[in-house]
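Paired with subunit B in one complex and with subunit C in the other, subunit A is shared by the two complexes that follow.
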Partner chain A sequence: MDNIYEVLSEIVGPEFVSDSPEEKYIYSMDPGTMPACEPDIVVMPGSTEEVQKIVQTANAHRVPVVPMGAGLVLSGLTRALKGGIVLDMKRMNRILEINKLSRYALVEAGTSQGMLQAHLKKHFPDLKHSAPDAPPAATVAGNVCIHGSGHMSHAGGFHSDMLNGLEVVLPTGEVVRIGSCATSAYWFARAPLPDLSGLFLGWAGTTGVITKLAIKLYPNYPYNDVGVFVCEDASIVPDILYQITGTQVAEDVTTWMTPKPDWAAGFMHCNVNYGAKTKQELIWKRNLIRSAVESYIDDKTGGFLPLPSMMKQRFLEVPARQLSLFADVRKGGGFEYVGAIMPVEIFPEAYDLGLDIADKLAVSYSMGCRIIGVNHSMMFFYAYAFNRADPADIARAQGALEETNKRVLDMGGVPWKAEAPAQQEIIRKMDPNTFDMMHRVRSILDPNGIMNPGNWEDN
Partner chain B sequence: MKHTEILHRCFRCGYCKLPGNYIDFNCPAYAAFRFESYSPGGRMWLLRAWLDDKLEPSRRFQEILFSCTACRNCVEQCALTRIKDELLLAFIAGKGELVGEGKVPPPVRDCLTRLQQYGNPYGLARKKRSNWAVDAEVEEFSDQEFLFFPGDVGAFDSRGQEISRSVAALLTRLGISFGILGDREVSDGNEANAMGESELFRLLAEENIENFNRRNVKKIVALSPHGFNALKNEYPALGGTYQVFHYTQIVAARVGDLALNDNLSKIRVTYHDPCYLGRHNWEYGAARKVLAALPGLEMREMDRSMQDALCCGGGGGNLFTDVLGNGPESPARNRVAEALDTGAEILAVSCPTCAVMLEDAVKSNNMEGRIQVKEISEIVNERLNDHP
Partner chain C sequence: MTFDLQEAKREKANINNGKDSRVLTECATCYACEEYCPYGNHPFYLIVERQEEKGLLPSPAPITRQQILMMKPKGTITPMKVTAPVIDMCYFPMLTGSIREPLYENPSIIVGSDVFCNIMWLHFARNSVIRDRLPKVIENIWHFYLRDSGVDELICFHDECYASFTHLASAFNIEVPFRPIHVFEYISGRLDALQGTIKPINAKVAYQRPCSNRLIPEIQHWVDEIFLKIGADRVARTYDRENALCCGQVLRAHQREEMADEIQNRNLDDMKNAGAEYCVFNCPACMATLAEAAAEKGLFPIHLSDLCQIALDGNAPKG
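What follows is the complex of A and B.
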């Protein structure tokens, strides 16, 4: 490793390489519950060329490489499970192009959500990207890689669906381009070429290092509003979501269920966010959404919540800063969640599961979902707060997460950005031929097994 | 150590690294070094690990803590409302623990030694403290309305001395009755406090308070926002309660009385908010009011202004210790580049520390001739009717 440290110092400059105990400690974990795994070295590249040289060096010495954005995945995917090099990508945070008319942004992989949001607001105020509810320090690339979702997911699907193209450094050091950028100066689409982007999405950094990506942008309207539809019966929520999303006028449709504050306990809240160019259009959209669920309002099984302006502002804030407060519920700085991708029809079972586990394990909970596409699926989350200073409380949250993962799989859902133990649960359920194909693909791309080893491996 | 109970409560969500508009990194140490360990959240977790005996207080650990400029961006931005007010206090307490154990970077040790031995961080003789006023026609404080307190940078740094003279001239022009203590003044102690040396701060403050009280000082006008902060917020707990003003507040109230020249060519100006005036004391309006009153000035705000302002990197003793360094990503070099991006010809400051840091950065970035750092009173004085 001494020799590698020297080589890495030559590649990126000594100030951007560290094997000090302080960096090894901080980069050994993320804010979730997964146990610490120390890297040997942390390195911060500043360009694709530097990433290429680092990966070539690692490959030659068969040293693991773990790419990392903001490290906010919460499920420990950027821990160096088998040691090696953590590649902190955040120095590569240049916004390379905003193509206004084709509505896409080309950014380096370390670009944060907040930085892109601020850049668009300043220079292209009629455009926006689909920001997740992760803090603004989270990277655009990281969220695309994990099939994240966000404030345009009803309109545009998963963030990986909004991907136009990639530049990737392969584990053997070659730089490849995927999508239209492979043959054109424009990064406008992945079609019509064979779509190789799937080789790098959802793989937890086990197949290469993304260095650039282009994502779709959307109209940023001057008038925005949110309606919160409330009901007590989980069994009618799938139809309510079906009716609302059927209007196709919303940008984002989410639900939330929480025992605190008291007035919220026991209710399903369905937030419908929409925007418009004019006030008249906004009113028209509001009426359309309302008419979609009119029968539930008429028979008094549900209705729209009157929203105080402060609450409305909070629901319109992107990203929602308020969400970070959940980490302090137990005065312990921790929360982690199972985000499970599921069909919308099993919402009632998903909700009952969350209540059952929270009750059984006596953990604080918050549940909800984000609709992906036009009710095509949902990301249902079960968030558990824990006290980082209390090992028993961490273990309790880990137990809740583990059980949630298992039962989600039994229900027909798939845990999202799964921790290493949850990956094992998924692999056990997975069609063996599918997993065998994953293994073969990975062996071809990464013959020496250097990329984030310990993830998506059969134990 | 105080405030240990909040260290594990940091989620490391990263809001603390950014300004409110998210446009770039805004924690000076994180922006300069880029390792997560240098972020406020990183420092929280490292402190916890050290207190739990998981880490030694190595030289790097010390540098991580002392690279904090006490700019308070993290406090402003932290999403955890129940702990945010204690963040900076926890970092200062951590520094205090290191000071207590004698485990601080050598430049910090040397700076604290100079403060202790000479009453200033420059290690210069006390009698030189009033040198700045030799040709300034400034009276010794007796029974004037205000005591003018230039602080260490205003008294000893050559650029700071120019600023002291400029501010004194403007106050005189405005008819403000003021005097100085000269070499009976010692450091306000703000930087000692920010470096965790609370006992040294107390000694320095008590010496000043004794001198102030002996001369029946009631009102103080401070040149430096750092001194303004200590005098206003820390001295009362030690028995020194005065009406404390930053000089821009005095000038803002009287700027209408000045005879200003309407015939000067137009200039584009941007203003850099000093942390100890802005985020520490919520004073964003005074300097802007002064600039707005000047004919021919076109204000251009930077993306990061007011509570989102990027620190110049000089706080927390870094002007004297240089733990942050002067690399290409240093906050001062970033800041002058941001100022230049506005199209401004003048980067206006209201703090001698910021003036020194940012002027050095203009030179390091080879921006001389493209943008000039000027202190508010200098800009005002140049636009007086009878300015030569």
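What follows is the complex of A and C.
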């Protein structure tokens, strides 16, 4: 490692390499429950060429490489499970192009959600990207890689669906471009070429290092509103979501269920966010959404909360600040959730599961879902807060997460951005031929097994 | 709702006799009938009573249940020494910034869920919640604040509280051991005391009369007197006084959005067309509901108390 340290220093400059204990400690964990795993070295490249050289060096020495954005995935995917180099991409944060008319942004992989949001607000106020409800420091690339979702996911699907193209440094050091950018100066789409982006999405950094990406942008409307539909019967929620999303006028449809404050316990809240160019159009959209659920309003089984505009502001915030408040509900700042991708029709079972586990393990919980596409699926989340200074509390949250993962799989859902133990549960359920194919693809791309080892491996 | 005289008599008889009536499902709960009734027979309270008996909820059941839970007394009230004037801000702490010198002289402020008057359940067919909670609220105010402080007057900042203590309580046979005073009466007296310092507003104002004021029309004259004292010209318009329109928020709770839109626009356009520069509120719910829309129409939304403060000290409202 001493020799590698010197080589890395030459590549990126000595100020961007560290093997000091305090740095390694910080990079050994994320805010979730997974135990710490220290890297040997942390390095911050400033360009694709530097990433290339680092990967080539690591390959030559058979040293693991763990790509990292902001390290906020919460499920420990950027921990160096087998030591080696953590490749912190934050210096590569340039916004390279905003193509207004084709509505896309080309950014380096370390560009944060907040940077892109601020840049668009300042220079392209008519455009926005689909921001997740993550801290603004989270990277655009990281969220695309994990099949994240955000405030345009009803309109545009997973964030990986909003990907137009990639630049990737392969584990063997070659730089490849995927999408229209492979043959054109424009990063406008993944189609019509063979779509190789799937080799790098959902793989937890085990197949290469993304250095640039282009994502779709959307109209940023001057008028925005939210309706909060409330009901008390989980069995009717799938149809309510089906009816609302069927209008296709919303940008984001989410649900939330929480036992605190007391008035929220037992109620399902469905937030429907939408925007418009004019106030008249906004009202027209509101009426369309309402008419979709009119039968529930008429029979009094559900309805929209009467919220004055000042009380709507917290539901219109992007990202939603409320979620970070929940993260500290137990004090100590520990927060992790099982986000499970599921069909919307199993919402009632998913809800009952959350209540059951919270009751059984006495954990503080919050549940909800974000609709992906036109009710095509949902990211249902079970969030558990814990006190990081209390090992027993961490263990309790870990237990809740593990049980949730297992039962989600039994229900037909798939844990999202799965922790290493959850990956094992998924592999056990997975069609063996599929897993074998994953293994073969990975072996071709990464013959020396240097990329984020310990993930997506059969133990 | 529109009726000819015969139908109105028939529907009223149906309500009186506990029979079905379209009034019970179509009522917008504007309280106007309570004001119009020349005999003090409390027609609106009977409508609400019948709605509750028959389970005819104006709002969806989850909305009603959740609102009742949200506004329930938290039971966190503790004894506090107060001195007159004691200003009751009901549930709404966001307007406590309005209670300041010179208009209010060394005031004590009480606020919170445990002193919330609960009159709003008239809009939700829930007289039972009022019967359950209002006596406790009155007891809280008396026991925790007024009695041991030797104060027997309570200045009600909102029409809702004053109407609850003076009108609703007696109709529901609930005793009130203190003397409620409407904030308008207090303000009017203070403006007299501070007469020499008043800088007339010299502006045209429209007043948004709240639904709960229909229960206490006898205090309406104070509004005119206050405007006169601060040099504000209350514009003559169609939808004022006995012909006032609802702010629309209750209609939204009843899921009647398009009716709410129409009424709000009609109301604000009426203010604007009458030449008003300010849209003046007393009810915090009306203000929260209409302020933004009023501002979009070029009207300056302001609480009546803050308008008086401007006349006294020229300072913009706080809080």
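Side notes on the structure shown:
Everything below uses one rule, namely that the second predicted complex is superposed on the first by the 455 of 459 C-alpha atoms of A that agree within 3 Å, B and C clash if a C-alpha of one lies under 4 Å from a C-alpha of the other, contacts with A are read in each partner's own complex, and residues count from 1 in each chain.
Basically, a contact is a pair of C-beta atoms (placed from the backbone, for glycine too) under 8 Å apart; a residue touches a chain by one contact, two chains touch by 3 or more.
The shown structure was predicted, so the numbers you read here are calculated from the model rather than taken from an experiment.
After superposition onto subunit A, the modelled positions of subunit B and subunit C are compatible, with room for both. Once chain A of one complex is fitted onto chain A of the other, the partner contacts of A:221 are absent, as it touches neither subunit B nor subunit C.
When both complexes are overlaid on chain A, the residue A:321 reaches subunit B alone and has no touch with subunit C. Once chain A of one complex is fitted onto chain A of the other, the partner contacts of A:283 are limited to subunit C, with no touch recorded for subunit B. Contact with subunit B, but none with subunit C, is seen for A:118 once the two complexes are overlaid on the shared chain. Looking at the superposition, the partner that touches the larger set of subunit A residues, subunit B or subunit C, turns out to be B. In the superposition on chain A, A:23 makes contact with subunit B only, not with subunit C. In the superposed model, the angle subtended at the C-alpha centre of subunit A by the C-alpha centres of subunit B and subunit C comes to 70 degrees, rounded to the nearest 10.
When the two structures are aligned on the shared chain, A:5 is found in touch with neither subunit B nor subunit C. Of the two partner chains placed by superposition, A:242 touches none, neither subunit B nor subunit C. Closest C-alpha contact of subunit B with subunit C, superposed model: 17 Å. Residues of subunit C that touch subunit A in their complex: 57, 59-63, 65-66, 69-70, 72, 249-250, 252-253, 255, 257-258, 261, 285, 288-289, 292. Those residues of subunit B lying in contact with subunit A across their complex are 8-15, 17-18, 21-24, 33-37, 42, 45-46, 49, 54-56, 58, 60-61, 64, 79-83, 303, 327.
Contacts from subunit A toward subunit B in the complex involve residues 15-16, 18, 20-23, 25-27, 30-31, 42, 44, 70-72, 88, 90-91, 112-115, 117-119, 121-122, 135-138, 321-322, 324-325, 327-328, 331-335, 387-389.
Taken in their complex, subunit A has these residues touching subunit C: 230-232, 261-264, 267, 283, 286-287, 290, 296-297, 300-306, 308-311.
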